[in-house]
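All remarks here apply to the structure that follows.
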Amino acid sequence: MTAAVSVHNATKTFGAFTALNDVSLDIKAGEFIVLLGPSGCGKTTLLSILGGFQSPTRGKVMIGGKDMTSVPPAKRPTTTMFQDYALFPHMKLRDNVGFGLRMRGVARAQRDEKALGFLDLVGLKSSADKKPHELSGGQRQRVALARALAVDPDVLLLDEPLGALDLKLRRQMQDELKAIQKRVGTTFVHVTHDQEEAMAIADRIVVMNQGRIEDFGPPADIYMRPRSVFSAGFMGEVNFIPGQVKSVDAASALVETAVGSIALPITSFTASVLVSSQRVVLCIRPEHFRRAGEADDPVVPLGEAKVTGSAFFGTHYRCHLKPAKAPDLSIVAHMPQSAAVADGQIVPLAVSLADIVALPQSRN
Amino acid sequence: MRDMMTRIASYAYAGLIYGFIFLPVAVLVLFSFQDGRLPVPPFNGFSLQWYEAVFADRKLMAALGNSFIVAIVSSLIACLLGFLAAYALARYKLPGSALQRGLLIAPMTVSYLIIALGLLTVLNTFGIRLSLWTVGIGHVVINLPLCFAIIYSSMGDHHINIERAARDLSASDIKVMVLVTAPMLMPSILAAFFLSVTFSWDEFIIAFLLSRFDVTLPVEIWSLLRSGLNPKTNAIGSLVFLVSVAVLAVLELTLFGRTKKS
Amino acid sequence: MSTITLEDTERRKAWGFVAPALLWTIAFFVLPFLFMAAMSLWSRESGQIVRAWNLDNYIAFFAKDSLFKGLMNSLEITLIVTVLSVLLAYPLAWIIAERVPKRFQRLALIMAVLPFWTSYVVRSYSWLLVLSKNGVINQTLMTLGVVAEPLEIASNRTATVIGFVHFFVMLLTLTIYANLIQLSPNYRRAAADLGANGLQTFWHVILPLTLPGIMTGAFLTFVLCIGDYVTPQILGGNNELVLPQIVMLQLGRRADFPMAAALSIILMLAVTAAYVLCARWLKIERA
């Protein structure tokens, strides 16, 4: 089963601290949503409000079209998978997984059968009679998933479930989570602070900061077309080049920067309505820089730049550059493996027009 | 060489103290088998007559049963109330929780005599008859702080999410407690229970002041003492001691030995 | 806004869970105690309890030598017992923790507290068997020809102290042992590494670290000892009554509840004073 979730103007305060600030969000049934942000951004609070462990100070939570704002966890069509797995230490795996069914009055034989089915789904059928302390971290994580899914929830809430696993296991579990979500079709809302994990599993990512939603969209959009400076910075390395809008017309705007004036299409401005003389920052990802003359699509030349340092990263060289026009600016750019860059080398720098995103200078 | 000396001194000291600790118990048990009317040297020979006298003593046997009932029932109540209070105070944010904790622990710092006297004055004033029930009430008062403290201190924060998970899977509060919290805390609940059974079983002054016709074992033994040194007192004392030790050994070997491993 | 949030319902439930214990404690401990405190301000005249508020009982306590002496006896005996018990128990706990091989420690400890499992009343009675005029000690000494006449060692303060020390040595061995084994062996190694000898290590490192445990045990000893009626009643004879005995006398022979209440309040004040003195070492906290 699956259900849509929507949050209307949810605010949560703890004394003077605002954990969640007027958050609204619409999640479609069957989506894999990731709440992404640094610790303290409000993502866990939002998840708790969805799960019913906390109620919002103001605002509403709808699940499957019904108001769930003050419904306790037990009566919600949600289940939560906890960061520390929270397996019942004194119960065998089959009893852990069957617990929710037991609470719903399902007879022993039936719930055993169903529990075994879900243990099978996560590849632990043969360990059904073990107790949690006999398992490895990754295995416990799977049992927690099976237990949460066994009651057929409409929405599964995952609170940093992969946080305790080492990197390799983490990547493997991400793939499994994604595959299992596809199979069961339940709406997943997953909290993490790892942007790579978010991109690997999400249908859509909600980027949060200081209790607000900064950005919401599919991973590629968030990465390539971020709608806030925070979001651009959190999703990966990015160069910010400050500038000022000189003139605006229906299709484009002229932005003056330290590396020259650039005519950007209106579509580059992802966040807000444009006004003349507005201060903006141009966001350019390191891998979007080209050496002038290499690219096929229309490029903006940014003048020559001097390599001040470089390191080989396997897939690319990561270089620090100083543009000739703006020696105060330090730019990070990725150069291809074959580039053979050296310190002190002068390279002609350019970037595809379509890869530039312009955002209003952030408040902070 | 010096090490050798301190080693010998250590064992000699330990031997002396163990001797001191065991001397009265050894004398008690030995002279419970005295073939004669006085439980003091010389030892006249081995006899079970005083044990027969104990088992033939209706009042003693009744007191034994009373003690057992009072200990079990008052400990069950103390454990139950202590567990519920510990659960509420460890898991929910309640106003004045520090004060509540202090209040629940408070009887532990007051002499049993004062607790008994307080209850006695109230019971007298309201004309409530003294009985095993009033003794039991007093024993819950002294054991509740103990049960609460033991169980509360074992309710770690790492159990919170486990209980949340159970609630999330639709378990009611009662079911969370019965199926999840209590089993997780079983070692400390059992410890609290057995400790309070022991305390209630052995308690004298409250039982003495708050009972009238039906009395517990320590009170019955107290009235035996009026007859001075008497091998029958030795016999009932030894009996209680040996049975307690046997129960202790069984618990140690089964329950606590097992929980320690896992 | 008066909407009922999840937290509200949760809190209401929590009150339901804590209420039985709180009510029990209030009904059967706090209120009786307050009632008794009030009664200590009443008096008993010609067999009737008179609800006239005054401090007569407290004044009488300080005026009448027989009553005041009871408190002094209690304090003296309790202090002697506490100090003796700590001094005797600490070495034993140390020997069990340090000298006894690890796998026998639990057994050694269980043995050290085994007589706990005799009934409290019987334990004092057993000392009577040992100490009385025709008891084990006197008969042994006389048989050996050490003394001609039996020694007077029962029915006096010495006997009471022996009975108490016997009980509290067991208790303190347990608490001090628990304290000693919690110490990391690295403290000792570090002290030795820095050039301290065994005695210096003990004095400067081990003893200060176990002081909180000792004080907790000592406080417990104080509280239990000063409030006990059984041991002095069986072993102490009738010459030097302690406060609990005097309280029981008021109850029994004279049925003077107000006086008994006043004496109990004084007993409690003594315990409170002891608590204040030891408070800085006593910490009862959630682990």
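Going in written order, the chains are labelled A, B and C, and every chain counts its residues from 1.
The working rule: a residue touches a chain if its C-beta (ideal position, glycine included) is under 8 Å from a C-beta of that chain, and two chains touch if they have at least 3 such contacts.
Just so it is clear, the model here is predicted, and its values are computed rather than measured.
Comparing centres built from CA atoms, which chain ends up most distant from subunit B?
The most remote chain is A.
When you take the mean of every protein CA atom shown, which chain's own CA mean is nearest to it?
B
Ranked by contacting C-beta pairs, which pair of chains comes out on top?
That would be the chain pair B-C.
Using Cα averages as centroids, what's the distance between subunit B and subunit C in whole Å?
Each chain's C-alpha centroid was found; their separation is 16 Å.
I'd like the Å distance between the centres of subunit A and subunit B, where a centre is the mean of that chain's Cα atoms.
One centre to the other, that is 58 Å.
Using Cα averages as centroids, what's the distance between subunit A and subunit C in whole Å?
Comparing mean C-alpha positions, subunit C is 62 Å from subunit A.
Two-or-more-chain contact residues of subunit A, please, as numbers and ranges.
In subunit A, 52-53, 72 touch at least two other chains.
Spell out the residues on subunit B that touch subunit A in their complex, using ranges where they run on.
Residues 158, 161-162, 164-172, 175, 179-180, 183-184, 186, 262.
Mind pulling up the subunit C residues that touch subunit B in the complex?
10-11, 13-18, 20-22, 24-26, 28-33, 35-36, 39, 88, 91-92, 95-96, 99, 110-112, 114-115, 117-123, 125-130, 132, 134-136, 139-140, 166, 169-170, 223-224, 226-230, 234, 244, 247, 251, 257, 260-261, 264, 267-268, 271, 275, 284-287
Contact residues on subunit B for subunit C in the complex?
That would be residues 7, 10-11, 13-14, 17-18, 20-25, 27-28, 31, 38-42, 81-82, 84-85, 87-94, 100, 103-107, 109-115, 117-122, 124-125, 137-138, 140-141, 144, 148-149, 152-156, 173, 201-205, 209, 217-218, 221-222, 225, 229, 233-234, 236-237, 240-241, 244-245, 248, 252 of subunit B.
Applying the document's contact rule, which stretches of subunit A touch subunit C when the two form their complex?
Touching subunit C: residues 52-55, 70, 72 of subunit A.
Which part of subunit C faces subunit A closely enough to touch in the complex?
Subunit C residues touching subunit A: 3-7, 9.
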